[in-house]
Amino acid sequence: MTTTVITRKRLLLKGENVTARLGLFAALLLGSSGARADELNTGDTAWMMTATVLVLFMTIPGLSLFYAGMVRSKNVLSVMMQCFAITGLMSILWVFFGYSIAFGNDGPWWGGLSKAFLKGVTVDAMTGTIPETVFMTFQMTFAIITPALIVGAFAERMKFSAMLWFMGVWVLVVYAPICHWVWGGGWLGSYGILDFAGGTVVHINAGMAGLVAALILGKRQGYPDTAMPPNNLGYTLMGAAMLWVGWFGFNAGSELAADGVAGMAMAVTQIATAAAALAWMFSEWVVHGKPSVLGIASGAVAGLVGITPACGFVGPMGSLVIGIAAGMLCFLASTKIKRAFGYDDSLDVFGVHAVGGIVGAILVGVFAAESLGGAGLAEGVSIGQQVKTQLIGILATIIYTGIVSLIILKVLDRVIGLRVTDDDEAQGLDITAHSERGYNLTS
Amino acid sequence: MTTTVITRKRLLLKGENVTARLGLFAALLLGSSGARADELNTGDTAWMMTATVLVLFMTIPGLSLFYAGMVRSKNVLSVMMQCFAITGLMSILWVFFGYSIAFGNDGPWWGGLSKAFLKGVTVDAMTGTIPETVFMTFQMTFAIITPALIVGAFAERMKFSAMLWFMGVWVLVVYAPICHWVWGGGWLGSYGILDFAGGTVVHINAGMAGLVAALILGKRQGYPDTAMPPNNLGYTLMGAAMLWVGWFGFNAGSELAADGVAGMAMAVTQIATAAAALAWMFSEWVVHGKPSVLGIASGAVAGLVGITPACGFVGPMGSLVIGIAAGMLCFLASTKIKRAFGYDDSLDVFGVHAVGGIVGAILVGVFAAESLGGAGLAEGVSIGQQVKTQLIGILATIIYTGIVSLIILKVLDRVIGLRVTDDDEAQGLDITAHSERGYNLTS
Amino acid sequence: MTTTVITRKRLLLKGENVTARLGLFAALLLGSSGARADELNTGDTAWMMTATVLVLFMTIPGLSLFYAGMVRSKNVLSVMMQCFAITGLMSILWVFFGYSIAFGNDGPWWGGLSKAFLKGVTVDAMTGTIPETVFMTFQMTFAIITPALIVGAFAERMKFSAMLWFMGVWVLVVYAPICHWVWGGGWLGSYGILDFAGGTVVHINAGMAGLVAALILGKRQGYPDTAMPPNNLGYTLMGAAMLWVGWFGFNAGSELAADGVAGMAMAVTQIATAAAALAWMFSEWVVHGKPSVLGIASGAVAGLVGITPACGFVGPMGSLVIGIAAGMLCFLASTKIKRAFGYDDSLDVFGVHAVGGIVGAILVGVFAAESLGGAGLAEGVSIGQQVKTQLIGILATIIYTGIVSLIILKVLDRVIGLRVTDDDEAQGLDITAHSERGYNLTS
Amino acid sequence: MKMVTAVIKPFRLDDVRDALSELGVKGMTVTEVKGFGRQKGHTELYRGAEYAVDFLPKIKLEVAVDENLLEQVVEMVVSAARTEKIGDGKIFVTDIEEVVRIRTGQTGAEAL
Amino acid sequence: MKMVTAVIKPFRLDDVRDALSELGVKGMTVTEVKGFGRQKGHTELYRGAEYAVDFLPKIKLEVAVDENLLEQVVEMVVSAARTEKIGDGKIFVTDIEEVVRIRTGQTGAEAL
Amino acid sequence: MKMVTAVIKPFRLDDVRDALSELGVKGMTVTEVKGFGRQKGHTELYRGAEYAVDFLPKIKLEVAVDENLLEQVVEMVVSAARTEKIGDGKIFVTDIEEVVRIRTGQTGAEAL
């Protein structure tokens, strides 16, 4: 059963015969009735609607709070606003074009426009055992959170209008195609990359785009000399908690069914996250003398990121190693390496999402091996070969998103300008971009 | 399939034969076993328990945060307290009488008292394919949030005791009967009104009751000259996010099953909400020069309200139009119209819920048409006829809730008084009504 | 295997034949296919994955917010940090040893180490109708929240390192064994105790351990003369709301299936919680003259605790009585009794969890009786006998956790010290233990 | 040059500012303070623990004025801040030896 | 009339207020401030970025008193606020030229 | 003994503190205040209700200094706080009659 499960998501979308993968329960039904394999299963549907809700919950309120707590109080609303507006805009663009580009047809590069404006996504359309409407909405929540993750990289200095333009273009020309490559029947999926829930598609992609944006926008005024203490670490920790909670929809939901693989995805997600939270906390305790709230929260997110590509393929002990590795390496990336290079990735989108995604995307090639407790690699594929495949997927993602994000940003900078004025930055974006104040606690 | 879907919720409860609507999966079971149609389906049950949790989540913490962030800091707790106490009180009253009045028998006006104190709602009782306990609790969460919505209209000035009395009476003599009319086998349902998840029952009802309460209580001291800035727009945006997330339980849960209709309800809810959030945001950007957090949050709620009556009946493009219309019209109602008339509906319960509900309740009559991508109107019913039916439902709701709410409030005002003293209002309700302070951030 | 597991909480103990309770649907499958009863059911699995997510949601963010709002602002982060770090640590220890100790084999005292490091918990392993991975993770969330509850008792004064050591040892030598006694096939379960979701295992256990910790650590500086106002009651109320919402996973999830019992567990949880919230609120209103946010929030939690052991066994009216009793008695315990004895249980872990748990654990023995609307006691068992059984379970828990917690704490105090220095306590744990500040609202 | 320091009720601030602006006062500095005085505070109650909060929110207004405006300013503040209920607050007048406008380095009356 | 301005440790406030009340002082105004001095602050650390916070929370107490009470008031504040650890704070005495009670318009000692 | 009270822009605080430390000033007290002056504020807009916020965040710095340091201190503050844009703030110098260090009871210059 294992090897088939591995590719569930990809295969479903490539229209291959999925009967074998539906498990005994479905087989039983099929056997006794001769029904087609795309019969609606209420349990799978119940889980996938729940999973969709959970992934939306990750972005709003989860990610919004996680990010909003880390900026200075004069920008607390601006970050939340960006996440919220992205949620609105991506939903519409996904319906218009994104879904079709990602999941229309299965050419190597993009899915075409045959499903643009949700053509054919009717109340009866099915994706495997669930309604296609649910699959479309589930995937939409991924297309929402990925751009929203990037917000952290340029927080406290980007123009709201430029942000909207960037994200709107980016989701169509960067996110949707990469999503197609890996999950929509495109070349990376065919090539054999393992990415259960979005190590390349979501995290490396967002992390790299974030780095490019941080470099092009330049540092915040006063960085790194001025203290820029988080305005509300309680928000950040609660946001991390909501990300953790919601991430089960992201990871176990990526199975598109309520089955044993989903159950294992849930278990290993919990293990890796716990391990990474502790790994970052103890690393910091050793290096800086104290464990911190920001540290443990960041560690949990690093673990969630790290296990994302791996969650349907590895076993408990594999997830433990992935969690520890993600926690420690993201800690180094976000504290030491960032400081060494001097770029201003405000909230460490690169250090957590790109680095954590890379750690997970490589290690899944190792721990998916049956000998290491995983679900097993494809027949005849060695760990070394799988890791090579993974590296190619990682590189392809980094190069494509890096270059195209750069182009979009450069063009926008020329046309409308990316950065707010110095005065607006000093006064804060809440007042200058939105005419509102975040806290007004004395009236 | 379409015409049956329209009445799904009502018919299920009226014990009519539902076999046709259960889809292939159930039919299969039925075919092979001859079991009765009210066999428990674990997938449907799983979804409906989840949906119930989600609707509770909308009120506490969602709505509480949404509202609490908008008032002044001296009243931040009072608003949360009202929502929480309503949650407690409505639960008990629903168990005692409300459920029976709404869903007891199917006379035209009310359901009688045959199910008072949950008589007959045993562990084995079924409602369609789910346990009746789950159906009862799901509907309870609607009976909780509807009164809680009204709180926004009289925020910052109503006596807590009077609020409890008002809500307690209101839920039994206004909410439960209207719920019965539309969903419990009453006259409006029989008449053919389309209200999938509560455009009339919940939103127009609450919005109108709120307007009456705002008018009878009168303006807050200093309104509209004194600045009354929201104390914590971060709370408001997070509350809006939680409402958005929880609303999938409200809308897709109203199908009472994990099926294709629920999936479509989920998809169109997302689309309408996104569209409305953007519509309000861009309207404000054009009219006032800047997009705001309060604006986009209000827009999202307006979209959720607008799609509520329509979500099981319309397709993606219908939902897009409904979202845009709800966003723009609620924007006008809450900024321009309120100011023109001068009433003090503190947090725009009328402007968002009544107006959004009306927009959705009318437009569902249009976009439910199969030609416009909807599930289809009943046989022989034209768009014009359906819209007329919708208007009658809207008017009936407005008139009934308007008059009865007025009477309850007038009586209570005479007997115990509705409004706090001027001094208490000036000092804030947190201290004067609850002996507590919301924020104490320096010790 | 099925008979043991599906029956888990209720029937494990009563040893009844469970086929009848699987409902017609499952019976149908069994009948028509001859499949083994431990076939995966997607609906049950969907619900249990959701329930798992909900219980995690109770701890982070729910409990963290509930507690964090009650302490002084200088300790707001420390409390959240403790809950979060516990989440990480308990997850790992559960995977390593805890799960095996609790659910390995079914000897009377502990489960042994046969499942240590999740040996045998593969992707195909089943527990009843759900994957064992899901069962393991669901139970893990209980092993997370139970220690996290204790945090409230020693808030604002315990060393972070000592806290980690205490919790790490405690979960393995106190929690996991008691869990085994009641749910894992141990002596208390065999003896016939009724504890559906954790009155003894979770609440009395945590409440008693908390009392011991509060006594051994001693009072906070200045207690009870100095005012120690909660820094953010909005957080506390939102935390209570999240606990309420998440608790449906805890209680209805403990059925391990999406069936009629789960549905009833959900309904009675709602009723008892509402009743207890109102009971505490009105008690306070009568005794102190005003209803308060902290009161109603505490009442809701008291009700949730009270119904926990009872939720799968009692009917609506039984739950109403349990809720009222829990609300009123926990009110007395947390206001009058604590003050009379003078111990400093900072956030009333004993007064709410131990007292509420005892109320529920006793009353389930009464209201489980069929004559009182419950699911029925085991054949031949009278109410009096059942209450005696319950008292023995309560006493066993109190004595075991009391003594072992005391020993662990005494040893740790000697070896590394339990309490922070006076200066650190005065300055607050956020700065001194974590080098962070909770609020930084003016930059 | 004199400093007029007024402790007033928060909701009178806008009126006082407007009154002073009318007199031609160009600037002032405002601090959120807590006042203790004859006006009684409130009690708070948390899980049975009751305690009195005697400090009430007030606004402290500091206005540097030229001697010749002093009397008018004091009168204006009194009339704009007065509610005739206990707790209306106090005005303190103190002497300023020197004033400097940081931007320009101007001193004395010019600096205001 | 003199203004006694004391910068003290926050947790001494209640004692100081009680001590002054015993002396018959009827009112005072309190501000949350941050103090910089010999007492060292703490460091905060966010994702590897460490920085020193030298400003410590203090309470500034302002009490207008009649000359004849001045000495007693200062002594009382000193003894009630003293912990004998670094950072106990300072007392500054300045002259007040006039006091007005806003509610009544009373001036001078009557206004206190 | 003189009290130098400076109202400055918040982000200049660190520079001013450093400058004063260099002069040998050992302590100071800082308050978050709101300033009203020539520098214009902003407007806020909530659901169509627009209103002007004229009070801007400022920092009030109080430093007690010995007379002989006065001039230098004032100059230092001016040069460290100046941005040459409107709203840079003011410095007020007032007389202190007495200073006491609470911890030791020292008075006068010793107390600083």
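As written, the chain order gives the labels A, B, C, D, E and F, with residue 1 at the start of each chain.
One rule holds for everything that comes next: contacts are C-beta pairs under 8 Å (C-beta built on N, C-alpha and C of every residue); 3 or more make two chains touch, one makes a residue touch a chain.
Since we're looking at a predicted model, the values are computed, not measured.
Novice: Starting at chain A, how many touch steps does it take at minimum to reach chain B?
Specialist: Minimum step count, chain A to chain B: 1.
Novice: Which chains are shared contacts of chain C and chain F?
Specialist: Chains in contact with chain C as well as chain F: A, B, D, E.
Novice: Would you mind working out whether chain D and chain E touch using mostly the same residue numbers, over half shared, or mostly different ones?
Specialist: Different; most numbers are used by only one of chain D and chain E.
Novice: Please state whether A-E or C-E has more C-beta contact pairs across its interface.
Specialist: A-E
Novice: Report the inter-chain centroid distance for chain B and chain E in whole angstrom, where each centroid is the mean of the CA atoms.
Specialist: So the centroids are 53 Å from each other.
Novice: Mind checking the centre-to-centre distance between chain A and chain F? Centres are C-alpha means, answer in whole Å.
Specialist: The answer is 47 Å.
Novice: Indicate the whole-number Å distance between the mean C-alpha point of chain B and the mean C-alpha point of chain C.
Specialist: 32
Novice: Counting only residues that touch at least 2 other chains, which ones in chain F make the list?
Specialist: If we look for residues of chain F contacting two or more partner chains, we find 31-32, 44-46, 94-95.
Novice: Pull out every residue in chain A that's touching 2 or more other chains.
Specialist: Counting only residues that touch two or more other chains, chain A contributes 32, 41-44, 46-47, 50, 228-230, 288, 290, 292, 294, 435-437, 439, 441-443.
Novice: For chain C, which residues count as touching chain D in their complex?
Specialist: Going through chain C, the ones touching chain D are 224, 227-230, 288, 290, 292, 294-295, 298, 334-336, 338-339, 348.
Novice: For a test of understanding, state which residues of chain F touch chain B in their complex under the given definition.
Specialist: Per the touch definition, chain F meets chain B at residues 44-51.
Novice: Please give the residue numbers of chain A that touch chain B in the complex, ascending.
Specialist: The contact residues of chain A facing chain B are 29, 32-33, 35, 39-47, 49-50, 52-53, 56-57, 60-61, 64-65, 68, 76-77, 80-81, 84-85, 87-92, 95, 117-118, 121-124, 130-134, 136-137, 140, 160, 235, 433-443.
Novice: Could you pull out which chain F residues touch chain A in their complex?
Specialist: Contact set of chain F toward chain A: 11, 14, 42-46.
Novice: Under the touch definition given earlier, write down the residues of chain C that touch chain B in their complex.
Specialist: Residues in contact with chain B: 23-25, 28, 31-32, 41-44, 46-47, 50, 54, 72-74, 228-234, 237-238, 240-242, 244-245, 248-249, 252, 257-264, 266-267, 270-271, 273-275, 277-278, 281, 288, 290-294, 296-297, 300, 315-317, 320, 375, 439, 441.
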